[in-house]
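Next come two complexes built around subunit A: one with subunit B, the other with subunit C.
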Partner chain A sequence: MNGVAKSPVDVLIKCPCTGMKHEYLSVATRLKAALMHFSFASDVQDDTSASWRKRRKHFFVLSHSGKPIYSRYGDEHKLAGFSATLQAIISFVENGGDRIKFVRAGRHQVVFLVKGPIYLVCISCTEEPYEALRGQLELLYGQILVILTKSIDRCFVKNPKFDMAPLLGGTDAVFSSLIHSFSWNPATFLHAYTCLPLAYSTRQAAGAILQDVADSGVLFAILMCRHKVVSLVGAQKASLHPDDMLLLSNFILSTESFRTSEAFSPICLPHYNSMAFLYAYVHYLDVDTYLALLSTNSEGFYHLKECRIQIESVLVKSNVLCEVQKSILDGGLHVEDLPVDSSLRSGLPYPHPGQGRAAPSSMSEIGGPAGLWHFIYRSINLDQYVSSEFSSPLNSSGLHKRLYRAYQKLYVSMHDRQIGPHKTQFRRDENYVLLCWITQDFELYAAFDPLADKALAIKTCNRVCQWVRDLENEIFLFGGSPFSW
Partner chain B sequence: MASRRRMLLKVIILGDSGVGKTSLMNQYVSKKFSNQYKATIGADFLTKEIQFEDRLFTLQIWDTAGQERFQSLGVAFYRGADCCVLVYDVNVAKSFDNLNNWREEFLIQASPSDPENFPFVVLGNKIDIDGGNSRVVSEKKAKAWCASKGNIPYFETSAKEGFNVEAAFQCIAKNALKNEPEEEIYLPDTIDVAGGNRQQRSSTGCEC
Partner chain C sequence: MGLSSANIANEEIQFCIFDSRRGQHEGQELDKILFFYPSECPYSSQLSVIGLCEGIITFTRIFSPEAACEVIEAERHSHVFYEAEPDIWMIMVVEKSKYAESVWRSEALRGVLKEIHSLFVMFHGSLKTLIDKQPSDFTIGKKIQLPSFRECLKERGTVQMLTISRDMAIEIQSLITVLGSPSGANTTYNSLILFQDLLVSTTLSPDDTANLFAYCVMRLSPHALSSSLSVNSWSYIRKSKSASNVSTVSAVCAASDGSQGTSHDASPGEQPRTVNVPRPLQRDKWSKGGDGFLATDVWGVEIGTSLPRTPTLWLQQTHERTYLCVYQYKNLTIVLLIPVSSLINGEQGIALVKNQLLENVSQKIVNIEEKLSRGWGGENAYHVSGYRYLLLDGDRNISRASPPAKVTTLSKDSLLALNKLREEVDLEKKRTMSDNPEHEKDFEACIRVKNNAWVIAKISRGRELYMALEKASETLMFASDAVEKFSNRYCEGAFSLD
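== the complex of A and B ==
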């Protein structure tokens, strides 16, 4: 084992973060030793450590003094030695007037993000690009701010010994749910949100009643179903960043107590104002659908409760909640429904999301036309995306995750700051044909059968865009959206 | 009632090379001792869980290298320490004389908010050697120095025999804890929309 050590005691003596003296290469070596050190030490201390080592993706948060704040796996306190190692590495490079971005050690990539007194680290062997992992650390940091605000920095200024972990007590589920979403929720790398498909009039009805309460002093009124937006309204000039929506909905969805009662909680939207709290009134209208009313008034509970009662009664009367449930059952866009010939569009009804799909026309055909398996369309102006439902042959969560990671890689390469941004990319490997097309209005990410014909695939992408435009009133949120200000 | 979270205490061990810092730590954490000298490179990190006054603590022990060439690592290591342990070898006068330098170096680099009352503990190690006959620093002298620096607690230890090690670390934990500031309620501001602070990405926060 790289001659590191045979007994735990040996390991203690030899271990890490030593020399990083002149070059970062040695940092990698040290880190490898540190990882190994940890494994040994925990073999002695902690019987779960064998499984800990096998984890493919670790996330750590620690303070600038090396005190552990969060670890995805394992007990932070048992990892105190490990987080000390991470701090020593980060601080050492910092003292040299430099900044450590990442370290590669064999198959592992260690990505660092320093946010003032808070250090975030991801150790991963998932082969995700640096930019993607860094983006995930940014979101993890954002989630900390959602719970505590950036005022937390003041505690470290006052007292460098400050132990932040207790302030995050009870929020483990929030972080693990966010980290899980990195592998299933494209919003985490697209920086856009997605809407539940609904008839235009239904969404309008929901928007109108939300607008009424926004006019009565509510800063943001958000109606969501799982992680999809039904409608949202902001007070004048207030705008909501898609990442804030992601972090807010993750916070709500992963906090069990919101489900059991109406709740009022301080909450920070980092892109809106990272230094201060807002107050969120959260209430589930049914098992999937919840309303979040955000106010600046810490004593606004009763007013917001009134608003909720009013909203709920309108939503029930106008049948919005039933439509929402129906939409969940029907699902979103299915690649099989992609209209075959766009020239026939005019005058003929084209399939709407989930509406009366016919059985696949031919048994041999899997997925959509021209071998289309899946797509994501991101509207740049709206900060919204729509993603097709997964269907055969992408029918396991492992395959979904693999495709999202491929999209994520595509996203990073398309937005490369040095050699990009690019307009189109066509990539064929043993798993798929991936096609990406970026214009000033939209970004399209599409996955095809690996044997798909290139010209046909491009043609199909055009049809997807046309289809999305034809359906835009149902799959996107227009007007009344704070983004239009 | 919810159980209180365990606290984590960061403890830095300083002293000349070869005085037995690593051995003390190993004796304390794993009850092991080796006569073989292996220089620490940079720093080693160890954790130990302890119980004190019915509460659980995790000691995060930073065992640093004594050689001068590692002194540049100081700032990176010392920040946010809860307690600093100064170790010397009772058989080596120079290691005792240097305690003053170690203490001052620590205070400069860690710049704790209240340097006068920052918790130190001094350990005179290797009292077992030669039955104490080769000893050159008397207990009295050591205690006098500790007294002059604001009554630093003093322990005579033998990492080899495990003598007084447990007691010394109990005291270290106690002192680290004593210095812990009263927990304040964490109370960030609320956004003040009326105060014209509703602009997106306002990083200043409100001053209310």
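== the complex of A and C ==
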């Protein structure tokens, strides 16, 4: 084109072709090469490759130059060609001034998330909605930040071909545990945390001693039992985002070394400050219960250790740890215990028990009143949720997972970005009746027998809300410090 | 070139057809492209669209070898895929403009692609045979309006029926019988009868009916003919003035062998080869003659005469080529399909059939038209007060919906919510189909939206009901009762609980 005289025909034919070849080859050829690589790999080790393809949910992290950083399945070093393919797709769309969100083919969905120089991709046939998978990629990215902070971006500025994978060495368990939690922990899509049920006075006692250390220069003091909060306190004006709590507890629970001895580790809370490390003192008080004390001071180990000793002695003296163990044994809310009035008690899923339906008596003994199987109640102001325990007929992990996915779908549908949130939703398919109700104060998600009566289900939801409000002092944490995020 | 690329920057849509078997070698990639709109788009951009699509098709096959790529969703564009025939892909690239109007269901966009392909195949046969015969170019014709969320109470590819009484049905049946078995012919003719834009009867398979019905409503019905007189007032989806800022595209393609008016094979006994490949979707090409038959010169003229050649089309069900013969009396349109193989003497034979029709059934037609017009409730005949609905019977390709003028009274938020719910249902339906094609999913969702409207979807025994209720009471029970009442009254209880 550079001013060189050409006949119109030349311009028409040759010019576009040179540009075209470059553009066309960049994607098509790279993808073809990647596929050759795959078919070659499958020739060599047929089983591995075939089973790798058939995994239901892949997660990949790669750099903007196409270097593999993480892969859920398979050795990421062997996936260099595949990573390059993903990179080619993302950058091709980016070169066109756009940003790729997802690709769908049949049951499969490929979801892309670009975070500066870090690309995250999920390939799934789990039928989770795009928004849910994207949220999971956001958490995966958050987990990387927990370990490395966002200042990792600078390494890519200095050297675009920077190899980040070694920096995450030994953290595989953290990521696989997080990915696993996507299918069992509602906190991953509710953006709320849950508390271990405890008597109000017990939680008060724990909170009081945590508050004492927070006043002595600890940024956050968190006492947790597995993934549930016993108590948590932040220094003035410091607030903890529920997603940060999820990532922090996942990091602690999945890092084996924390269990064996007290530890002091740099850690980043992405919503608090994605650019800087905090320093976490972590100590298990018993097999399930652990204390995390976070400070901005990298030299704070001995101070935090002293705080821990102080806290531990108070917790032992005031019997908090025993209460925690007892609560674990007792479990949380059971739908069977939902207080009912007479109208609900007779209100089994079928208007006329024993008439015309198969085995109504056995059905009526399953779950709670009116065919209630399970519920999740999320308090909007507290950023906390409470979920009922699983009971019959939801008694396998496969059924639990299916219900979580159904809730997740319902959550996405209710929280439509353009026109949501909706107010109410009733949904019936072959597996459940699902009811969702969103008000200014709370969100309720409830699952019923698919044959449940609509009117009774609504009544039961009202009962659940009342029940939760009656118990709120035991199932929620009412912080003394401002919790305003 | 600078000029044309500036134009392209304003385009909100690209549409292409490519054959992934062709242009396998480096430097020959252009051979893949069978059609590209806008045609002035530089080859480099055309190839980059196709390169991305082909790349993604290959990529998704790694994980999903059985189901092909359906959509690429990016922040500013959606690429909707439709594998019309093996290895022949139709792609529509739509730009999401800053207006919130550019919200679509990808299934609705795919419906556009399917319809374009079906109509093309109806008139020309499959793309593959055409390409194999002779590499063709495709030229563009008509305006298409993208089905935005405002059309969420419509379903492309379905037929809208006129409800008729039992007596009327008997009368029409007798008309069909006469039409179908002309004296002296040893085959039966298929027919399609429309009253205004509604189907009265058909003897065709559901798919052929849907295709021909779509064509009739677009080009042949009294409405289509009259609106073609007033320049440019016609839009693909009539009465959707509200969607005027939705992008339009001239995209329905017709084949052209590029060598117009050259070869024709006159060897006797064989089908005469078309001189021009016709473009049946061109606008304003049909007109009503004095004898009541509709005529067009789209198919060219008889050799040596100035008489227009009678249009032909292919029936999917029987793979049979038939003449398309259309008679119209006031609101009644009668489409008669005469198998090409049954007439040895071509146009002469058709003239004979036409005469027979006029002699034998014109009085019958007058009577039927009169009775139907008398009983016709006007354009709001199927309005149900308080409801905005779409009722679908997927097995039979039939739909009925609130009149468009009534749907436009819904607020934007209600329409957006319903559109979104339909998108969810589309996915659910597809999953059920791939799981177990025999199993019919029963599903119900009832959502109270932020603006307090209820949007409802219900699938039962293969039938689908979509509804928006504004000004409804706030309880879920009220909304359920409303659906129940509607179902009992208008759907023979198909969506009722027990």
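Methods note: the second predicted complex is superposed on the first by the 413 of 485 C-alpha atoms of A that agree within 3 Å, B and C clash if a C-alpha of one lies under 4 Å from a C-alpha of the other, contacts with A are read in each partner's own complex, and residues count from 1 in each chain.
Convention: contacts are C-beta pairs under 8 Å (C-beta built on N, C-alpha and C of every residue); 3 or more make two chains touch, one makes a residue touch a chain.
This structure is a prediction, so every number in the text was calculated from the model and none was measured.
**Student:** Pick one for A:Gly97: touches subunit B only (first), subunit C only (second), both, or neither.
**Tutor:** Touch status of A:Gly97: second partner only.
**Student:** Just subunit B (first), just subunit C (second), both, or neither: which does A:Thr85 touch?
**Tutor:** Once the two structures are laid over each other on A, A:Thr85 reaches both partners.
**Student:** Answer with first, second, both or neither: which of subunit B and subunit C does A:Arg427 touch in the superposed model?
**Tutor:** A:Arg427 sits against subunit C, while subunit B stays out of touch.
**Student:** Let me test your reading of the model: by the given contact rule, A:Leu399 touches which partner, first (subunit B), second (subunit C), both or neither?
**Tutor:** neither
**Student:** I'd like to know which partner A:Val314 touches here: subunit B for first, subunit C for second, both or neither.
**Tutor:** Once the two structures are laid over each other on A, A:Val314 reaches no partner at all.
**Student:** Between subunit B and subunit C, whom does A:Ala455 touch in the aligned arrangement: first, second, both, or neither?
**Tutor:** A:Ala455 sits against subunit C, while subunit B stays out of touch.
**Student:** Looking at A:Ala165, would you say it contacts subunit B, subunit C, both, or neither? Reply first, second, both or neither.
**Tutor:** It touches subunit B, and subunit C stays clear.
**Student:** After overlaying the two complexes on chain A, where does the subunit B footprint on subunit A coincide with the subunit C footprint?
**Tutor:** After superposing on chain A, subunit A residues 15-17, 19, 85, 88, 92 contact both subunit B and subunit C.
**Student:** Can you check the complex and tell me which residues of subunit A touch subunit C?
**Tutor:** So the residues of subunit A in touch with subunit C come to 11, 15-17, 19-21, 23-28, 30-32, 34-35, 38, 53, 85, 88-89, 92-93, 96-108, 110, 123, 125, 127, 130, 413, 416, 418-430, 454-455, 458.
**Student:** Subunit A touches which residues of subunit B in the complex?
**Tutor:** 2, 5-8, 10, 22, 25-26, 30, 32, 34, 38, 40-47, 49, 58, 60, 62, 65, 72-73, 75-77, 79-82, 110, 112-113, 180-181, 186, 188-193, 197-206
**Student:** Can you tell me which positions in subunit C touch subunit A when the two form their complex?
**Tutor:** 1, 26-27, 29-30, 42-44, 46-48, 50-52, 54-56, 58-64, 66-77, 100, 103, 413, 416-417, 420-421, 424, 427-428, 430-431, 434, 441-450, 452, 476-477, 480
**Student:** Quick check: in the complex, which residue numbers of subunit A touch subunit B?
**Tutor:** 8-9, 12-19, 41, 44-45, 63-68, 77-78, 80-82, 84-85, 87-88, 91-92, 94-95, 148-152, 155, 158-163, 165-167, 169, 219, 235, 237-239, 241, 266, 268, 271-279, 296, 298
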